[in-house]
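What follows are several structures.
Both complexes below contain subunit A, partnered by subunit B and then by subunit C.
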Partner chain A sequence: MRKYAVVYRSVLMENIQYAANIAMGFFNYFVFIFIFIKLWEYMYRTPGELIAGYTKEQMIWYVMMTEMILFGSNAGSVAGEAAGDIRSGNIAYLINKPYHYTLYLLTKYTGEWSIRLPMYAALAAVIGRVMVGPVPGFRLTAVWAMALCVILGLTINAVFKLCISLISFWIEDATPFQWLYDKLILVVGVIFPVEIFPKTLQPLFKLTPIYTVCYGPAKLIVDFSREKCLEILAAQLLYLAAGGGLMFLIYRKGAKKLYVNGG
Partner chain B sequence: MQAIRVENLSKTFRVRKKEKGMAGSFKAVLHPQTEEIRAVDGVSFAVEEGEMLAFIGPNGAGKSTTIKMLTGILYPDGGRIEVLGVDPTKKRRQLAYLIGTVFGQKEQLWTHLTPYDNFRFSGAVYDLSERETEERIEELSERFELGGFINTPVRNLSLGQRIRCEIVASLIHKPKVLFLDEPTIGLDPVVKENIRLLIMQMNREEHTTIFLTSHDVGDIEKLCRRIIIVNAGQIVLDDSVEHLKRRYPDKRAEKMQTFESPAGHVEPSAIPLEEIIMEIYKSEGRDVSP
Partner chain C sequence: MSTAVKNQLRVCLLSVQYNIMREMVNKVTFLTSVGFMVLNNAAILAQWFILLRLREDVGGYTMREIMLLWGLTAASFGLAHILFARAFSLPELIIGGKLDAYLVQPKNVLVSVITSSTSVSAIGDFLYGILLMGLCGLGLREWLLALLFTVTGTVIFTAFALLLGSVSFWFLRMDMLEGQVVMGMVSFATYPDGIFEGVSRYLLYFVVPVGMAVYDPVHVLVSFDAAMLLRVLGYAVLLTAVSAAAFYRGLRRYASGSLMGARV
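And now, the complex of A and B:
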């Protein structure tokens, strides 16, 4: 484990130099959130109105939290970098080290979001407090549970994105699959909570990673309950086990098919 | 004792073929065609512990593919490999602790970190304790004279300084075999010579087996006693550098001169090694052993 801790520390040291660059993305986040605040203010015509069981404040905080997860977790290392490594042959210089390539990438990714996410969380808290007000019914004592769900959600997202990247061992370009996955997560989970979709589709969505990646953690933040928390944590652990197993399997099969240009 | 043993090693790549133009692109989607390229074809050799071997060949000869199979990066289609008694196809991670790799054309260091942080990172990756890592960094930075830039981010180093750091990073865990893939590429003659001296010193003091590929004849002449030349995936020559220089001109008598001393001994040829190697490259896979 020590080697992964050192990878994590090295990524932190590397990324801390780019804190100012990360802050440049705050403008995009603000514009995005501003549009959604105005959109939902228009949709909620009367005070106290509920849409899909969410108050206006809850709905806006929900979007702010999912966008915070999305902006704060930039999955470059498990998406573009992994697929690029395989396509370019750069993976050859990484897999002959005494660590597991997939765990190495997941650790790098964790190091990256460890800088980004707190920055975006602080920004979201400020924008939310100023433009929307406090999260209704927010329980400070449950912050650890919310944080745990967010971290697990980020990790599950990375595992699935890495699985897609590893398909590059067989196909030329995994980007279209990444795009499909990203858009699925974006539309069904980030912009709208699952409850907004027809009731017949909701059980289906809850079976997908969407439930564990962003919907679950954001739902907990805006509407925390102990039962919901345990349900989401259980689903996340199941997804993590299944996704992790799939990731190791794809990698093991793919590494044997590795084609690297000579020199 | 043998550090590396390779028997009848082979590797075939399947490469996609596409006819030219847009029509060719559509055709390739509907009826994908592939071509098999035999990158390594029945290669066998052994390297003794502490030996410095030059494994060379023209571009596309199969030398890098062979190195990648020896280091566990690629899986062979056939044959057997043992590096320090370990089969790279089965125990890649175990092998990683025993070997070091330097790819001159590829940065393996974290460019935004300093060499010192990179070495600490390497030490942790190879499960060295903090104390062992610190001691090894001190020892190697003294030997490789890194003191002046060990705390400068790698991205700000010159190529020669970076290559020295790459070699140190690959030596941090005291590997028994070091694979050097064009370690002096792009370096000026003075830095090249410096790197060669350091490699020789390391071989002498730590008895490290060196497996070198290089297009620079100077690397081969200065470092290696033995040379293996591959072409078209096959070994075309496996000989000592000295013997090659003495004997090869005999086979090329029409083009090159051999010099016989009054006592009848064949003197080392005046023909540069580079020319001899070029002639052998042109053999395109035929055995040219003297």
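And now, the complex of A and C:
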């Protein structure tokens, strides 16, 4: 574990140096949130109206939290690095290092979001307070549980994105598959809560990673309940175990068929 | 003069043709990129089915107008990245001192630079845009207008990216800002202008030119307005002139890098 701690610490220090660069990404986050504030202001025509059981404030905070998880974790970078290493052949140098390649990437990813996520959380809190108002019924005492769900959610997301990147062992470019996964997460979990979809589809969506990656953590922030928290944590642990197992399996099979070009 | 223009156009088309041929070396990857980009874009339509289930219209747009909006945005953004992809990564060339190779070519520097790369996935964007507009049941006159607006949209997207990218001649670290503003522009372009009011609406027409690239064209397609059409055409010409002037003005300040490299 010590070697991973060293990797984590070095990535953390590196990211602290580039905090200003991370802040440059605030512009796009603000644009997304601004659009959704305007969109939901248009959709909610009467004060106190409920859509899929959410008030206007809850709906906007939901989107702000899901976008915060995606922007604050930037799982695309870890996926891109894995795909790039495999495509370029750099994996041949990394595969025999004294660490597991996928765990090394996940550790780097953790070091990155350790700086990014708090920055985006602070930005979201400021934008939310100024443009929307406080989260209705927010429970400060439950922040630790919300934080745990957010961390598990973004780790599950990275594990699944890594699984997709590892397909590059077989096909040259797995990026198009990443697009589809990202779009599924975006449309079904980020923009809308699961409750907004037809009732027949909701149980199906709850079985997908969407439930654990963004819906669960964001739902807890806008509408916390102890039972829901336990349900989401249990689902996340199951997903993490299954996703982790799948990641190790794909990596082992892929590494076996690795073809190294000379030169 | 006309021979020079013809030659320049021929060089542009050959440049784009060779860019695409280079990307097509691996046919499976090429087709997967294009096909999945079409699917990727199509998935977002689900968002509008959901929203239009809640209300009859969103910002005054029904499904047909939403499809026109998405069709025009995707086709314009796609065509801009097929023909002029390098305009969207200009700061990388300026900061890295990689413009030298273009300066010694016996053709127009700006055109040579911006046509020097092609984004494969943009072909998927372009096809999706055309397909979506095809599903809107456009008549012949509307089709001609839609194609014209695809061209003006392409010009506005490219010129705006070029203008922002040219700022790198004066200020470093503009690369991130250019990418962010252009993506922000695309984000705005995929939502109806009816949901924006006041200052934000003004900004979308005159600062970030989404209104001229997409919103006004959609309004003209829905209900023909000659004045609006002329405004879009005039704006496209003006923005192109301003961004080209900014590029050449900045080029005077360009100091070559000491980077050794080969362009293949």
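The rule we apply is simple: the second predicted complex is superposed on the first by the 261 of 263 C-alpha atoms of A that agree within 3 Å, B and C clash if a C-alpha of one lies under 4 Å from a C-alpha of the other, contacts with A are read in each partner's own complex, and residues count from 1 in each chain.
Following the convention adopted for this analysis, a residue touches a chain if its C-beta (ideal position, glycine included) is under 8 Å from a C-beta of that chain, and two chains touch if they have at least 3 such contacts.
Everything numeric here is computed off the predicted structure, so don't read it as measured data.
In the superposed model, A:Ser10 makes contact with subunit B only, not with subunit C. Once the two complexes are overlaid on the shared chain, A:Lys97 sits against subunit B while remaining clear of subunit C. Which of subunit B and subunit C touches more residues of subunit A is settled by the count: it is C. In the overlay built on the shared chain, the residue A:Pro203 is in contact with neither subunit B nor subunit C. Of the two partner chains, subunit B is the only one that A:Leu258 touches; subunit C does not reach it.
When the two structures are aligned on the shared chain, A:Met24 is found in touch with subunit C, with no touch to subunit B. Of the two partner chains placed around the shared chain by superposition, subunit B is the only one that A:Arg2 touches, whereas subunit C remains out of contact.
Once chain A of one complex is fitted onto chain A of the other, the partner contacts of A:Pro47 are absent, as it touches neither subunit B nor subunit C. Chain contact summary for the complex, subunit C toward subunit A: residues 26, 28-29, 32-33, 35-37, 39-40, 43-44, 46-47, 50-51, 54-55, 58-59, 121, 176-177, 180-181, 183-184, 187-188, 191, 194-197, 200. By the touch criterion stated above, subunit A contacts subunit B in their complex at residues 2-3, 5-7, 10, 13-14, 17, 90, 92-93, 95-99, 255-256, 258-260, 262-263.
Interface of subunit A with subunit C (complex): residues 21, 24-25, 27-28, 31-32, 34-35, 38-39, 41-43, 51, 171-173, 175-177, 179-180, 183-184, 186-188, 191-192, 196-197. By the touch rule above, subunit B contacts subunit A in their complex via residues 13-14, 39, 59-60, 62-65, 68, 71-75, 92-93, 96-97, 101, 103, 105-106, 108, 110, 112-113, 117, 120-121, 124-127, 181-182, 213.
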